[in-house]
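Per-chain residue numbering starts at 1, and chain names A, B, C, D and E are given in the order in which the chains are listed.
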Amino acid sequence: MQIARVCGTVVSTQKLEKMRGLKLLVLQLVDAEGELLPDYEVAADLVGAGVGEWVLFSRGSAARVEPGRELSPIDALTVGIIDTVSLENRQVYNKKDRY
Amino acid sequence: MQIARVCGTVVSTQKLEKMRGLKLLVLQLVDAEGELLPDYEVAADLVGAGVGEWVLFSRGSAARVEPGRELSPIDALTVGIIDTVSLENRQVYNKKDRY
Amino acid sequence: MQIARVCGTVVSTQKLEKMRGLKLLVLQLVDAEGELLPDYEVAADLVGAGVGEWVLFSRGSAARVEPGRELSPIDALTVGIIDTVSLENRQVYNKKDRY
Amino acid sequence: MQIARVCGTVVSTQKLEKMRGLKLLVLQLVDAEGELLPDYEVAADLVGAGVGEWVLFSRGSAARVEPGRELSPIDALTVGIIDTVSLENRQVYNKKDRY
Amino acid sequence: MQIARVCGTVVSTQKLEKMRGLKLLVLQLVDAEGELLPDYEVAADLVGAGVGEWVLFSRGSAARVEPGRELSPIDALTVGIIDTVSLENRQVYNKKDRY
């Protein structure tokens, strides 16, 4: 999985049927030290993440194992909103410090 | 998923049987700020996207979950034509402004 | 999918059983403007492509959906020989011009 | 698979149901000569690896073949704690030397 | 698939059950001209390749289609030991010249 910061949203009305009802978030990848990377991904969101929050997301067929989503043509999905990231037992990110 | 701009088409007559009937679009990837990237992908298209439009596309096995396409040997598929892309609550792309 | 130019072949006799009978082509990737890229892939070939031809190829599990190939341990497959590539309604490649 | 060094952990409480009970490790990739790379991955851990240990990890659907984990939306999993890495019959890493 | 040179081995005793009995090779990728690349992969080996040999390997779910390996959490597998690589009808590698 990768760590990313939610930085926006995508809206599409002319789309495949099985894309309906899915919120689409623009995620900017974050490296292990917490620095923003110049890479982004658009992921479907089922955990209710908002702009500014750090999330963990999965790519590939992992995005379609949620019950009811097996036929959604998605290849990226947020799997959790991050509370803390610790490196060498030092906290580099804590959600509470940001909100 | 990734955001891309439709920039062309590929035509192939000598191809695998299950590729028949699929429109093949050349997509140029776009970064989160809306800048064109030097990366492209060829994707099958089932949403009727045209040259110049921004689309959202999926890669990998997500390209084959549409009913009837399970045996198409494709690894990229457009899943929606993009209306808007917003970053930090600021719109960076709106289809209406382009057409 | 990606566009590539067939540039060679690989021969292997000591191989997994389900690799038998598969022609293995060395493909050099081509960017959207038709420039050769420093990236290559070895793909199984079922469309009869020859050295010098441009092909469209798929990666991942898409390489194993052809009937009879489900158990071949391959992750790349040519899916069509390219006739034309057009960008912004301008033809950048036409097979007839090359042969 | 890739070789990596465990360098941290991620904690997420607001997450998809099937992510529950999974320890999430931050892994920093290591090249064949044993040098740390600027690339990281977050992987679920079922082998009990700790910070500082070298692990082997798999990506993609391989992360979900463990019995009971088929529906976990994960795309990276530690598959073993590394004892030794040998290159050209020369040992470049031995767990015993590090602990 | 990719071409690589076998350059080492990984040993892991504390590992997932379905990893048992698998030889793990360190592979250094080779480009189409036969130059070693700074990229490596750890692959399970079922063709009996040794250090110094060139192999063809597959990534992703292709690594698990061999009968009996469906539940091995691996994402890379050697599928053949390479005899020759030819580019533009010129041989760039021949196993016999190396041994």
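The working rule: contacts are C-beta pairs under 8 Å (C-beta built on N, C-alpha and C of every residue); 3 or more make two chains touch, one makes a residue touch a chain.
Because the structure is predicted, anything quoted here is derived from the model rather than measured.
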item: Minimum number of chain-to-chain contact steps, subunit A to subunit C; value: 2
item: Chains contacting each of subunit D and subunit E, listed by label; value: none
item: Minimum number of chain-to-chain contact steps, subunit B to subunit C; value: 1
item: Interface residue overlap between copies subunit C and subunit E, same or different (over half shared); value: different
item: Rotation angle superposing subunit A onto its copy subunit D by C-alpha atoms, nearest 5 degrees; value: 70
item: Subunit C and subunit D: spacing of chain centres that average the CA atoms, whole Å; value: 33
item: Mean-CA-position distance for subunit B and subunit A (Å); value: 20
item: Per-residue multi-chain contacts in subunit D, two or more chains; value: 60-61, 63
item: Graph class of chain-chain contacts, one of line, ring, star, complete, other; value: ring
item: Neighbour-by-neighbour ring order, given that subunit B leads and subunit C comes next; value: B, C, E, D, A
item: Subunit D-touching residues of subunit A, taken from the complex the two chains share; value: 1-3, 31-32, 46-48, 56, 58-63, 65-67, 77, 79-89, 92
item: Subunit E residues within the subunit D interface of the complex; value: 7-16, 18-19, 24, 26, 28, 38, 40-43, 51, 60-61, 63-64, 70-76
